Every structure is written in structure tokens, then in C-alpha cells.
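Everything below concerns the one structure shown next.
Letters are used for the chains, namely A, B, C and D, taken in the order the chains are written, and counting of residues starts over at 1 for each.
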Amino acid sequence: MTINRVASYGAQYLDAETLEHLKQTLTDLYGLKGSVFEQYVKFWSRLLHGDFGPSLAMFPTPVMEVISTSIPWTLGLLVMSVFIAWLIGNFIGGIAGYFSEKRWAKVLSVIAATIYPIPYYFMALILIIVFGYLIPVFPIIGGFSIGMQPSFSFSFIVDLIKHAFLPSLSLIIVGTGWWFLSMKALSSTTKSEDYVQYAEAAGIPQSKILFGYVMKNSMLPQFTNLALSLGGVFNGALVTEYFFAYPGIGQTLYMAVTNGDFNLMMGISVFSIFAIASAALVIDLLYPLIDPRVRYR
Amino acid sequence: MEEKGTVLRTENLKAYYSFRAFGIDRNIKALDDVTFKIYEKEIFGIAGESGCGKSTLIKVLYGLIKSPLRHIGGDVVYKINGEEKSIFSFDKEALRRLRWNFMSYIPQGSMNILNPTIRIRKQFLDIIKAHRDVVNVDEAEDIAVEHIKSLGLPLEVLKSYPHQLSGGMRQRVTIALATVLKPRVIFGDEPTTALDVVVQRGVIQLLKDIQKELNNTVIMVTHDMAVHAELTDRIGIMYAGKMVEVAPTSEIFKAPLHPYTQYLINSLPKIGDKSEKTSVPGSPPSLSNPPSGCRFHPRCPYAEQICKEKEPSFEELKPGHFVACFIAKRGVENA
Amino acid sequence: MIERKRENPVKAFFVILRDMIKYNKGFAFGFFFIMLALCLTFLSFFSPYNPKSWNVVPKDLPPSLKHLLGTNSVGQDVFWLLTFAIGNSFLLGSVTAIIASTVGTIVGLVAGYKGGIADRILMSLNDTFIVLPSLPILIFLAFSLRENLNVVTMGMILSVFSWPWGGRQIRAMVLSLREREFTYTADSSGMNTFKIVFKEHFPFIIPWVMANFINTILWSIGMEVTLAVFGLSSLETPTIGTMIYWSTQYQALFRGIWWWVLTPVVLAVLLFVSLFFVSSGITEFLDPRTRLQRIKARG
Amino acid sequence: MPENKLVEVKDLSKVFIIGGRFFGSKLVAVNKANLSMDAGKPEIFTLAGESGSGKTTLARMILGIIEPTSGHIYYKGKDITKLKNKKQKSWFKREVQPIFQNPFEAFNPLKRVETYLFETAMNFGIAKNKSEAAQVVDEALRAVGLSLSEVYQRYPHELSGGQVQRTCIARALITKPSLLIADEPVSMVDASLRMSILNFFHKLKTDYGVSIIYITHDLATAYYVSDRIAIMYRGYIVELGPIEKVLTNPLHPYTQLLLESIPKPDPDRRWNKRIKLADIEVKEYMALGCKFANRCQYAMDKCYKEEPFDVEVDERKVKCFLYSDEKASVGSKI
């Protein structure tokens, strides 16, 4: 079935003979013989083993190999920016929620509300315009400078960070806006909870109330929200990578689409579903460790 | 009452809630011209229906004035170490220091009074460290353990999270927290409401024990007259933002002077008494636009012309018995 | 008998709108910008050029009085192109939002009122769709339907991933509304389930449906841009996404034709911000608690 | 089923599954409850108990809002869990009407209160058109001391708690029900207005022939208004009988403790005995045998092992082993 679709797509670009040849090769390669049911079972068992067959665009490199070379880039970008955005957004948002009547908190909210609805990659475009044209400080293309040899040298690492700066910045800015807004809402609710009012009546110093009571308790739901947001950030990272020609999965996916590499697309889809779902699951499973209300029933 | 020292007195205290929503201003006159005294070493009860201003009064006395509540006028004067001081003369930090050392607060029992994510032990430590210059954690912990023991509560509660305790135990922990630094004045805002009767009895018992032990002042707000009968020495009755009657508990129950108090007492159901009780006719007035003159006059069966026109002053008609009512005043003078 | 004074619903709507503009600056900004954008869309009917034909004007002209926002490298007037792009993007967003809101609302209502197994199945499905990375799958879908892509089919594809947010929210609301005492009062007043849902509960649910509708438009327009970047959109139809696609294909930024890139980007950003302000304005202002405050304030 | 019973509850139980998606624990909210009310002899029947005793669950089962796990409820001889068609259900709703605890929650805060009164009048076919409905509604409101012009076009928050609660009662009266189920109807109403509502219940019983199930934790108001009472503890009805008997001479140790603990509005009769509260709450729901055994000063070995059964003593039913053998010498035990 996959092959037929590949073949039908290939029909646009290839002549009939080559196409037939390709079809033959692929059928052999996949061992697509036997009944439909047998094929079906085999298809799923391959899928579960992480075997998506060869990439069409980089034939005959297996799809998994293509994916695994680009994963470290995406993973690095994603983990770094998600964490930084989560930390900064929650920190500032928590404080702003506690002082929600203050003028600066209101100004910050307006800024965050303006940034948050902008998709990640739009921020990428804006950054490209600003840093690529107006103040060309950071490189806007690639994962490291052409001609550099990957090593653990200082200059290479600096180069790596320089290249990762703008892609992750676009993710961080928008992400921070979102975490700021949600955390601010949470902490301004927590602020009016009975136990915070009580702590204030008990004369516990304000800084203690802010960090030990309001922030701490508001952070808890943000862990669950982190799990729910992973899919969206992942989407954003894919497109951001494209704009910055960053050698991660997004770039690979783009290549897969332009080359009609169905196997690779399938591989990336299945792989990312699996990765994001397990990450979300892990966060969910870790939750009882941080919330005593769940831990000690 | 010369032999007793005054710990707290208010003078023409006024506090309003001001709302501004969608271009419309509203003022709710929750406290209007409230003047009374609370003596040392007594349990003073404040009674009244919902919306009569009793909770607001406690907030103002405790210095917890937050928007939309505003202090409009009058004064609250405490006697701290023999010196008279207005609560409004303290700055934020001084007020913070005053709390728990001099006066503390027991809120209404609810699920959420104690921080759900920290253990009771930590809650104690936070409060002790906020008010005492303790050198280390052990020292603070000793204070907490000592106190829990002296109240007869099990030490295991210190290790627990709030949700692991029953409602009654949580409320007793709240009382323990309020008394850990042995304050001179304790405010209780409906501390026994929402508890089951058996637990409520235990809590009342604990409050009595503590007052006897510390020999301090307890100010107890509740709408439940039976709790007042069980616990308090004197009672202040509030109606529509005004203090209408203050007297010793037994006098309030046996010989109330204000018509509103009379209704309140006579309408209390008792087991073993099936005689018909009547409610106060009408409904409580709106505090944003209270009636003229005496605020009770629209519901009062004895109301006369003067009640509609002039506000009755709050006067000591009998020794220790203060009432704001023209009719009661005339009755006492004629007797 | 006293006459029942019926409030004119149209008048009530304008009163609410006026209040929202008056007391919520973000909403006012968003509302007026969206109105402006809709006016631009309307202008497209008077466009002197066909948006699908190339080389109708000289190439790469910077903004001038004749060509307000300049011209691009395939010989189109950017301003007139934009009027079409806004309209198409709005249409696309609305298609997605209509499908997604309908499905989401139905799923939420069914899960909330039916409960039991139906609830569990629907909500597991719902949560799966929320957690899954939508982009690779959408790319997959768009890739398979590549030949048949137009604004409406795009909208339909995008709605696959946009319904679960509304569904989740509405279910949560229904669950709490169902247990409110007034629901029991309505039931013992002899009101049937249909009446209870639509007369008693809908006033609470509607603001969320509306806000969710607008958020879905926002999401959908953004997602179309994403797919367009991958070349997976109806490329000859002018939308905000395809305008960006062509400008990057022609390296407009590097060749200094900034007006070609900047126009759709700035417009999109303003649009996103406006839509967001409007939707959060609605939830904030029509939130039953706030609404109650308003009723109280009016006395 | 005998037709001469208004309500008959037989071995009624409700089990809730709480917590956990997969391994929820069971909570027996109501455990084999039995009670009945005679038809043609209106009475006010109190269901009393502390929070979590199951009184509200029991009442809601009788009201048909919650489905029982096991057991039967017969209303005028008909099993209400087996009402089939719309007509029967509508008949039952007309016959049995609820009054809720929080008057402000009982009406949709976004809607004007009279909507519900008109709905009730129209939906049950009591009035054919608006003006007829207005008449019916006004009549019902006048019965509770209000009038249509007082509540017309008002939102719940524009009325006082007492007014809204009386409007709730007026709404319930429109269908001319035979049974009212009132769940804590006065606990949120101000003390100065409380008695007027209780007095009205009394009037409903005597003048209109309506029976009332009054659910409360407040034994003093129960004593004031009702004829019979059932005391509930952890899902069980532990004592059921005439109010005068149960509240002035309680037999079940739990009823005794409960009565002892009520603060009396009389400063001369303060408690002199001290009580000891349980240090750590034992999971009484889980306990075998009598759920009160842990706190009972008369507890015997048997109390921890076997579930007590109803014993008929002195005009009432008591679920306690103390009375199982020697019914005569009740007084000496206490």
C-alpha cells in the first residue's frame, strides 16, 4: 500500500520503465509477498521495530538513520528552549500574578499577551529580519559554520551556541509569553486562596509567602501543562528549523516533503508521535513526586 | 468596669467597601460608627446575621484592610504593654510584628486554611521563624513540639500534610498555630462553623482551655447564639453595620434590651420546647442604602416617629449594658 | 398583570459590544483591527487585477502612490494581493473553526451529559489529539491531498487537530453545571433535558464556544502558514501563508524586496494579536462571574 | 405494595466508587435504609446526621436524582426506579418536589427568578397560558407571604436569602405536591428569618396536607418542627422514632453523644463534662461491625465483629446490640 502511493507520486517525475523498476526493487526490499493480511501484520511489526525502510531521497540510507542524525539537533534546540522559556515565564509570571495590581505587572501582561499569539516561526521570521539585516550579529543559517570540524574545542562550542541562538530565541520568546500568561493567571488565583490570606494574617514575611506559598503551589499544574504543550512546541521547532536551515528534524521533514519521500515522512510522524507521547507520559508519571496531595493519599 | 483593664477600644469606627465596576460606583457601609470596649482576660462574642458587618469588624480590628475595604474614619486603640496605640499608627512591618506576638487570628474552618503542599511542621516553623529570632530550626521545632504537647494533640500531626487530617483535627491545628506564640488577644472568625457538633464541642473546649491557660482575651465572631452561650463572657450584637447592644452573656440571653436582640433570642429553637417561635418580620436592609434613623426601624414592632428621623446613640443604660435604642432607653429610665 | 418587558436581543448585543469596547482596551484594539481587515477583504471585490495571474504590473517596485505596498517579483501588486489573502485566510480559518467548534461542542456536550463509557472513550481520544504533535500528521494529510488543496479542503484538514481544545473545556463546564442546584430546580420545574441544556446551561457555555471559535481561527491561519512554508497549501490561491511562501521562494528578503515579506508578516502578527485580544476579552467579559457583576452594577 | 403508604424505602443502599481511575475504593453512602411514611397522615419527617452520614444521598435517591445501588423506593405504591413513560415520570415530579440548601444556588444566577415559577406552571399543565400561569404563580407566592410583583423581573441576588428561599418553596408548591424534600432548607438563611420558614413548613403540613422530609444537622430545629426523626451515622439509620422520644430520651449511644454535644442557647447550662476527640480518625467506613463501636463507651466484643440489626424498643427502631436481648430494662443501661 505504501509502495503504491509512493509509486503514484513517483509517476509525476519518473518515466514508466524506471517506475516499474523502482516498484520492483521496493517490493523486494519490503518483502511484500503473501496475502494482504500477512502484509498487514508485517507492516505493523516493522513499524513497531522502528523499521521504516529506506529513505527515498537518500536511498538507500534507512529512514531511522536519517532521523537519528537529525535528532540531536532538534532535541538540543527543543530541550534548551522549552526549559529556559518554562523557567523564565513561570518565574516572572508568578511574581507578576502576586503583584497583579501593580503597574509594571500590567505592562508585562500586555507585552506577553502581544507576543504569545504569534506562532513560533513568525518570531523566527522577525528575528531573521532584525538580526539578518538590521544588526547582523548572529548567523541565521545552519547548525555550525561551514568548514568547521565538529569537536569539543571551545571555538566549536561557541560557534554551536551562536548558531543555535536565534532559532532557540524565537522559541524562547514566544514560549515565555505563554508560560508567563498561564502562570500569572494561576498565581493570581493562588494569591486569593485561604492559606495565602492566612499566611499574610499570620505575619509571615512577603518574600516567604511569594516563593514558598504562591509560587510553589502555582508551579504544580504547570508541570502537567508542560506535558500538554510539548506537541505544540515541537511543531514550532520544526518550522523554525526550516527558516534557519537548522539541521534538525524539521529540515529533514522539509526535505522529505519536497522530495516526496513518503517513507521518511511516515518515519518522522511515527517517531515524533512516539517521542512526544512518551515525554508526556514521563512528566505525568513524575507528577506524584512533586505533589504531596497525590503522593500521600 | 474600672477594675478591669481595657485591651482594645474602638471610637466611631467606619469602614466601607467601595466597588467600581463598569463605570458605576457603589459604597457598602459595612461598619458605621462602631464604638465599644473589650476588656483584658475576657471572651468577647460578636453576634449578628450574615452581612451585618461582624467579619468586617474583625478584619479592621486585626488591621487586615485591603481593597475594596477602606477605612473611612474613627479609630481602633490597643493597649500594648500598658501603652495605648492606634492600629492605624503602625506601618506595615510593625503591624506584621504585632501579629502573632500580640494578637493572632483563627479563621473559619475550611479545607484550605493550611498550605496543602507543606507539612504541618513546616507551617509551624514558618510562623515561628517569622516572629522569633530563633537561631536554628531545632529551636523553632522545640517550641512547636512543646506547644502541640501542651494542647494534648498527637505529635504525629506535625509530620502530616493537611489533607491527611480530618476536618476537626485541621481546625485544632489552626488553633494551635494561632496560639503557639502565646498572644494577648486572639480573634476567632466563625472558628466552629462548618464543623460537626461533636467536633465543634471539642474545639470550644480547646478554646476555653487555652484562654484559661494564657489568661488572655479572646474575641469570637459567630452567628450561632448557642456557641456564644456556651463560651463567651460578654456579647456584642451587630445589626446592619452598627453595634446595637453590648452586655454580659447572661444578660443578653435573659434580659435583652434591644428589640432586635429580643427577637434573636426568642426565636432560638430549643430541644424540649415546642412553643411557637417567630422570626423578625421583613428582611435585612441593604448596606449600600441603609434606612434612615435607627437602621432597625422598618422591622421593629415598637418603632416610633423618632426612630425614623434620628439615630439612637449607643449608651450604657444599665451598668455594663450598652444599647442603641430610644424605646429601650425610655423603658429603662421609666422603670 | 404586569407586562413582561422583553429585552431586544439585538439591542442587548450592541450594549454588550459597546461595554466591551469601552472597558477593555485590548478588545477595542482587536475589534477595530479585525474590522479594518474585513474592510480590506471587501475591497478585493474592486481589485483591478486578478490575483491568480502573474506579470500584470512591473516587477519589484518599492511602495509608491501607484502601488501602495509595492509589487513583487512575479509582477503582482502586493496591496491588492493582500486584500485577497486576508479574505482567503479568514475563510480558511472560519471553515476550520466552524467544523472544529461544532465537533468540539458536540463531543464536549455528549461526554459531559452522557458520562460513563462514552465520556471515557471521547476524552481519551480528545487528550490523544491534544498531546500528539499535529504538524507531521497534518503534513502527511496535506501531502496525500495535495492535488485537491483549496481553501475549503485546507480548512477541513486543519480542523482534524483543532476540535479537542474546545471539547475538553466544554465537558469540564458541563460536568460542573450538571451538579449545580439550579439544574435540579429546572428539572423539577418540569423542563426537559433539551430545555435545560439550551436555556439553563448554554448562557454559561456560549462565551467559551465563542472564544474558542476565535482561537481556532487564529490557530488555523497560523497553521496554514506553516503548511504553506512546506509548500503544502493551495499555492496559487493568495493567502497569508502562500504570500510568505512565494516571497521566501524568490529570496525576497535577501534581495531587499522587504515590502513583499514584511507585508504578510506584519499583517499576520497584528491579526493574531487582535484575534487573541478579542477572544480573551470575550472570556473575561462574558465570564458568568463578570457578567453577574455587570448585572449587579446596573442594579 | 400497600397503597396506604406515601413513601416506603426498603433496604436501600448506595455505593459510590471514589478516587482512582482503575482502583477506586468503595464508599457505602447509604446502607440498607428502611423507612416509611403513611399516606393520608401528613407529617414532617427529619433525616438528621453529621456531614457524610448519607442523609443527603438518601434524600436524593427518594427524589429520583440519584439511582440506588440496591433496594426499592415505593411512592404511593409505585417503584420509582421503574417509572417507565414520560407521563409517569412527570406525575412523580409533580408529586415530589425538592427544596435545596443554598437559595442562591437554587436559581440560575443569570436568569430572573420568576422564570422557574412560570416554567413549573406551564410544563406540568397546571396553567394553559401566560396569564393563567401568572395567577397560579401569584397564588403560590402569596401562600409563602410574597407576591408576584415583589419578585417579578428580579435576579436572585436582588432578593434577600429569606425571600429567595420562600420563592423556592413557592415554586415547589405550584404543582400541589404530596411530598416535599427539603435539604438543609434553613442552614443558609439568617437566624432572624429561619423560624418563619420552619413555621411555614408546619402550616404546609396542617393546612395543605403536605408531608415533608426535612434533612438537617441541626437537632434543635428538627425538634421544633418535626414529628418523627431518623438519626443517620456513616450510612446507617441508627435510630428512628417519634421526635419527642428520640431527642428527649435517646437510646443509641451515638444519638446520646450527638445530643450531649449540641451547645444550648442558655449560658446557665454549659457543659461540665469533658469529651475526648479521636486523635487520628479511624477509617470508620471500612470498619466491620458497628461503625460507631470505636467511639462507643458501651462497646462489646460483638460490636466490632457483627453488624447490629434494628431492634424495636419504646416505639422506635434502634440499631444497637445493647437492646437486642433485654428490651425491658432500657433505662438501667444508660
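Just so we're on the same page, contacts are C-beta pairs under 8 Å (C-beta built on N, C-alpha and C of every residue); 3 or more make two chains touch, one makes a residue touch a chain.
Note that this is a predicted model, so its numbers are computed, not measured.
Path length between subunit A and subunit D in the chain contact graph, taken as the least number of steps between touching chains: 2. The interface holding more C-beta pairs in contact, when A-B is weighed against A-C, is A-C.
Distance between chain centres (mean CA atoms), subunit A to subunit B: 55 Å. Averaging Cα coordinates per chain places subunit A and subunit C 24 Å apart. Rounded to whole angstrom, the centroid-to-centroid distance between subunit B and subunit D, based on C-alpha atoms, equals 32 Å.
Subunit C and subunit D have CA centres that are 50 Å apart.
Looking at subunit B, no residue sits in touch with two or more other chains. Among the residues of subunit C, those in touch with two or more other chains are 296. Residues of subunit D found to touch two or more other chains are absent. Of all residues in subunit D, those touching subunit C in their complex are 65, 90, 93-94, 97-98, 100-102, 105-111, 116, 119-120, 122-124, 130-131, 134, 148-149, 152-153, 155, 157, 168, 171-172, 175.
By the touch rule above, subunit B contacts subunit D in their complex via residues 49-50, 153-154, 156, 165-166, 168-169, 172, 196-202, 204-205, 223-227, 229-230, 249-250, 253, 260, 263-265, 267-274, 276-280, 283-284. Residue ranges on subunit B touching subunit A, taken from their complex, read 62, 64, 67, 95-100, 104-105, 107, 110, 112-119, 126-127, 130-131, 161, 163-164, 177. Interface of subunit C with subunit A (complex): residues 26, 130-137, 139-140, 143-144, 218, 222, 225-226, 229-232, 244, 253, 258, 261-262, 265, 268-269, 272-273, 275-277, 280. For subunit A in complex with subunit B, the residues that touch the partner chain are 101, 193-195, 197-205, 208, 212-213, 216-217, 220, 291-293, 296.
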